[in-house]
C-alpha cells in the first residue's frame, strides 16, 4: 500500500482521482489488514479460553512459573514505545523528519529491549523444561493442563514476538525514508500505517500480559 | 399409514427401520421431502413457465421496470422461514431425545480402533465387531477410541455418534425389531476405514438374557484361569492367522505394509515368507520366521534393498509379546498368491462371538 | 449469438491484450484484466487436475472391491481432489477471474485499489498451489481436505507442506478480498451509488468480507496442526488434554463461511446473467443485495452444524441449527427474486441462460437438502454419508460451476472480443446438466441407504447407484472437454464480438471488446441503474458509448 | 495524510498522547495491584480483563486515531471484535454444556463424576496438579518470579 503511493513521483497513482482518495484507500486497506491480524490471534485466544476453562488449576499453577517482573517490564516498554510511535506520526504530519527518525529509533530500541527480555524468559523456560506439549519435562509441576499452558504461552508470545520483529523492520524502513526527508503535511501515510501496525502489536500484548502472567 | 411409510421408504432408498426413533426420524424425512419438493417445484415450474411465456421477440425489446411491493418480499421471507423453522421445531426435540438416554438403560462401552469395533457389556463380557442387544430394551452406548476419531453408524437405527480418543461420547437406542444390521465407521480413519464394519444383532429379549448369562459364566471361568478380562482382553477365538491379522492391524503394520503385492512405505507381505530377499549392502537372506521376528524387533538391522531411505519402522521390542509376534508371522506365512487371501473383504465381516 | 450491428474488428484496435507484448509483460502486469486472465488459466488448470482425480475416484468406485488402485492411493486421491478443487478452483476462481476483470469495469474505475497487491495475490496463489500439490504428491498426504486431528497429526504420511500451501493460498485469498473491499469503497465513478452497484459487485463485496475475516482463522489453525505434527506441541493432542473438537470448531469457523466464498460470487454472476438474458432489471434489487450481506454475516455463526454428531453439546447444536435456517432463508429470498425477474421479461434462451436455469434448479435442491441437513436430527442419519457429498456437490458443481460457466459464456465476448459457436455451446450445456444429474442424484440415494463417504470399498448393495454415478461423471467430463474445445476454437477463428453483442445494459458493456488498457477513455458518469430496459434502442446506443 | 481528511478541531496532539500514556501506566499498575489482592479467582479474571479492555480502547481511540478516523475504520474494528467474541463465546458454550466426559479427560468437567470409578480409564489418571518446588530451584539458571 505504501509503495503505491511512493512509486509515482507525484505519489498519485494513475487510477486514483486524487491524493485524498488514495490515502483514504491506503488507510482502509491497513485497517482491514489489522482485522485479519486480530482474527489470526483470535484462534489462540479461543484455545486459551477453552483450555483455561477446562484446566483452571493447571493453568493457575503453571502461570505462576511465568516471570511476572519481566512481563510487567515488557508491558511498560511496549506501551512507551506506542507513545513514541504516536509522537512520530504527529511530527511526520508536521514535516519534522529529524524528530521522526529519533522517535522511531527509540521505538525500535524499545522493541529490541522487549525481544531481549522475552529471550531471557524463553531461556529460563527452556532450561527448566517448561516447554509445550510432549517437550514438557519440568518435574516441579505436573498435572492435567500444565503442558497445555506452555503450548499456549509459547504460541501466543511467539506469534506476538514475530509481529514485534516485523514491526521493527517496517519502522526501520520508514525511519530510513524519514531520514531522506520524505514526509510532511501532504504525505505521511507510511508513518501512519506502520504506526497502526505497531499499536496493534501493543494492543495484543495488553491482553496477553494479564492472561498469561497474572491468572 | 404403514403402507405409505413403506412406499416412501422404498422410494427414498432408506434401509429398514429398527427402532421407534428411526421411524419417527423417517416421518420427519418424509415431511421435509414432500414439503420442500412442493416448494421447489412450484418455484421452478413458475420459472419455467415464465421462460416459455416471455420469449424475446426482437433483439432490443424494452421491458417495464417491475419493482416489488413490500408484500412480495414479506411473502418471500415469510414462507420459507415458517417452513424451515418448522423443520427445526420437529428435528431439534428429536435430537435432544437422542442425546438424553433414559434412566435404566443398559450401558455398553464401545471402543473404536483401527479398524474394528469392540464392545464391553456390563459384568465383563466383551466382543469384537458384533454388538448383541436385547430387542425392546434401551441401550446406552458410551463410545471412545484408541487412536483417531471413528464414528459409530447404524443406518437401520438412523443413528451415528463419533468416538473420540481419550474421552467418552454417548448415545442410545431402543431397537425393537430382531435382526442383523450393519455397522459402519462414518468418520474417515485411514486405510481400513471402509473395512471397519461391524454388525448389530438385535435378539429377542429372552434369547439375549440366556446368551448374556452364558457369556458371564464364560468370562468368570476365564477370570479364574487367570486371564485378564475387560475391554483390553483380545478375543481368544479364531485361528492364529486371524489373530495375526488383527494384531497387525492394531499395531498399525498396514500403514506401511500391504498384503496385496503393491509396494508402499515398507515391503509388501504378499509372498514374503520363504522368499530370498536382497538386503541393503548386497547380502541375500531367506525370509524365514527368525528373520521376520528380527525385523519386528530390530527393524533397521537388516533393511531390504531399496528401502534404506524409508527405514522409518519403529522397533516393536516390548510392544509385541512373543505370542503376538508369532501370530503376525503366521499371518505373513498365510499370505500367498496361490492361497486364498485373508484381506480385501467385500461386505461386512461376520465374526462369531464366543459362546454362541 | 447474434452479431452486433456495431461490430468492429476485434484486434485492430488497441486493447489490454495487445497493448504490451511478450511473456514478461504478462508476468509483471498490474492491469486487473490481465490478472483476471492469468487467474483464468491457473484456476482452469487446477480444475482440470481436480477433475482428473475425481474421475479416477469414480472409476475406483465402479466395483465394490479394489478396482484400479489400492486403499492408500484412493485416500490420497480424494485428498488431492478435495484440496485442489476447493483451494485452487472454487475459492479463487470467480473472484480471481470475473472479480478482477469486471469489478473495476462495473464501477467505472481504471483499476483495483492496490494493483501490486493484486499481482502479489497471483504469485501467492501460484506459490501456495505448487507447495500444496507437490507436497501432497511427494508426501502422499491422506488426511482428506478437512485435516481432522488426531488423524492428521498421527498419520505416517507428510502433512506439513500441504498445510503450509493452504496457508499461503489463504494469504492470496485475503489480499484479493481486501483489495475488492477498498476498491468498492473508494473507486466508484461519479453516479455509481451503493444502490446502483451491479449485483455482482454486491456479491463480491460480501464475499470479500468473509475472505478477510475468516481466512486468518484457517491459516492459524492449519499452522497449529503443523506445529503439533512436526514439533509435538500437543494443542489438539487428546493424550495431553487437547480437544479434537476444538480443531473442528476452528476449522469450520473458516470452512463453513468458505462455502459462501464459493457460492456468493456465483450468485452475483447469475444475477447479472439473468438480468441481461431477460432484459429486465432485478426484481427486488435491495433484497438481493442485502441478502448477500446477510449470508456473509449469518454464515459465520452456523459452523457448528458440521458437528452435530461429533460430541458437541446439545445446546450448541440447537443454536447452530436454528441459525442455519436463517442462512437458508437468505438464499431462498434470492431464488424467489431471480424467478420473479423473469416475469414480463424478454428472454433469450442463450447458453448463459441455460446455465442460469441449471443453476437455479441445482441451487434450489442443493439448498433445500442443506436445510434438511441442518434440521439437526436428520443430520444424525446423513452426517458423513454420500447424502452430504451429494448436497455440497449440488451447491459446488450445480451452483458454482454452472454459474461459472454462465459467466464465462456471458463475458467471453467482452474478455476476448470473440464469439463462440452458440450451437456447440447449447449442446455442451445440455450435456453438462444431464451428466451432473446422473452423477449426483444417485449419491443422495446412496446417502439415504447409509453409505459413508470416503469409502474405498463398499458392500455390494451400493453398487448399482455407484455405477450410475460413475457413468454420469464421464458424461460430465465429456461436456467440460467440449466447452474447452469450442472456446479455444473461438479464440483462433471466432468472429469479432463487438462491444455489446447481448445488447446488455450492465455497466461493463460500456467499453470496447476487448476493453482498452485504460478501460474508459475518460471517467464515465453514470446516470441510471444497471440493467434498466424500459426505454428504446436510442437509449441503448447512447448508453453503449 | 492531509489535514483536510479530518474534521477540524478533533485533532489530537502530543499532550493527549502523553496523558494517555500516563493513564496506561497507571492501569498497568492497577492490574498488578489487583493481582496481589485476595480477590477471588474469578474476580481477578474479570478485573484484569476489564482493565485490559479499557487500555486497549485507549490505544485504539487515541493512539490509533479512531477518534478522528472516518467511520469505516471503527466499523472494521468493531466487526472484528464482535467476531472474536462470537468465536470464543460459541466454542466455550459448547465446552461448558457438553456431555462432561466428551471434554478432555481429567479436566474440570470430569470433576463431579458420579461413576468415575465405573468408567474404564483410557489412560492412567494423572491425579491432581502437583507442585514440587524443590526441583525448580535445583537448576542454577532457574528462578522464581
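So that you can tell them apart, the chains are marked A, B, C and D in the order they are listed, and the count of residues begins at 1 in each.
Quick note on the criterion: a residue touches a chain if its C-beta (ideal position, glycine included) is under 8 Å from a C-beta of that chain, and two chains touch if they have at least 3 such contacts.
Remember, it's a predicted structure, so these values are computed and weren't measured experimentally.
K.L.:
Report back the single chain whose CA centre is most distant from the CA centre of chain A.
P.N.:
Max centre-to-centre separation from chain A belongs to B.
K.L.:
Quick check: more C-beta contact pairs in A-D or A-C?
P.N.:
Between A-D and A-C, the larger count of C-beta pairs in contact belongs to A-D.
K.L.:
Just curious, how far off is chain D from chain A if you go by their C-alpha centres, in Å?
P.N.:
Each chain's C-alpha centroid was found; their separation is 16 Å.
K.L.:
Could you grab the centroid distance between chain A and chain C? Build each centroid from C-alpha atoms only and quote it in angstrom.
P.N.:
35
K.L.:
Centroid from C-alpha atoms only, then distance chain B to chain D, rounded to Å. What do you get?
P.N.:
Each chain's C-alpha centroid was found; their separation is 41 Å.
K.L.:
How many angstrom lie between the centres of chain B and chain C, each centre taken as the mean Cα position?
P.N.:
33
K.L.:
Got the chain C residues that touch at least 2 other chains?
P.N.:
185, 213, 217, 238-239, 241-243, 245-246, 249-250, 311, 314
K.L.:
Could you list which residues of chain D touch at least two other chains?
P.N.:
Answer for chain D, listing residues that touch two or more other chains: 72, 79-80, 83, 87, 91, 95-96, 99, 102-107, 123.
K.L.:
Got the chain A residues that touch at least 2 other chains?
P.N.:
Where chain A meets two or more other chains at a single residue, that happens at 24, 28, 32, 35, 39, 42, 46, 50, 54-55, 58, 144-145.
K.L.:
Examine which chains touch each other and state the graph shape they make (line, ring, star, complete, other).
P.N.:
other
K.L.:
Kindly provide every pair of chains that touch.
P.N.:
Final set of chain pairs in contact is A-C, A-D, B-C, B-D, C-D.
K.L.:
If we count contacts the way the header does, which residues on chain A are in touch with chain D in the complex?
P.N.:
Those in contact with chain D are residues 19-20, 23-24, 27-28, 31-32, 34-35, 38-39, 42, 45-46, 49-50, 53-58, 60-61, 64-69, 72, 75-76, 79-80, 82-83, 85-87, 90, 93, 123-124, 127-128, 138-146, 185-189, 192, 195-196, 199-200, 202-203, 206-207, 209-211, 214-215.
K.L.:
Under the stated contact criterion, what part of chain B meets chain D in this complex?
P.N.:
That would be residues 99, 109, 120, 142, 144, 146, 164-170, 230-231 of chain B.
K.L.:
Show me the residue ranges of chain B that touch chain C in the complex, using the header's touch definition.
P.N.:
12-15, 25, 28-29, 32-33, 36, 39-40, 43-44, 46-48, 50-51, 54-57, 59-68, 72-73, 76-77, 80-81, 84-85, 87-88, 90-92, 94-96, 98-100, 147-149, 151, 153, 155-156, 158-162, 164-167, 169, 182, 184-195, 197, 255-256, 258, 260, 262, 264-265, 312, 344-348
K.L.:
Of all residues in chain C, which touch chain B in the complex?
P.N.:
Against chain B, the touching part of chain C is residues 2, 64-66, 70-72, 75, 142, 144, 148, 150-151, 154-156, 238-239, 244-245, 278-281, 283-285, 287, 308-311, 314, 317-318, 321-322, 325-326, 328-329, 332-333, 335-340, 342-349, 357, 360-361, 364-365, 368, 371-372, 374-378, 380-381, 383-385, 445-446, 448-450, 452-460, 465, 503, 532-537, 540.
K.L.:
What part of chain D is in contact with chain A in the complex they form?
P.N.:
Those residues of chain D that touch chain A are 1-5, 13-14, 17-18, 20-21, 24-25, 28, 31-32, 35, 41, 44-45, 48-49, 51-52, 55-56, 59-60, 62-65, 69-70, 72-73, 76-77, 79-81, 83-84, 87-88, 91-92, 95-96, 103-109, 126-136, 139, 141-143, 145.
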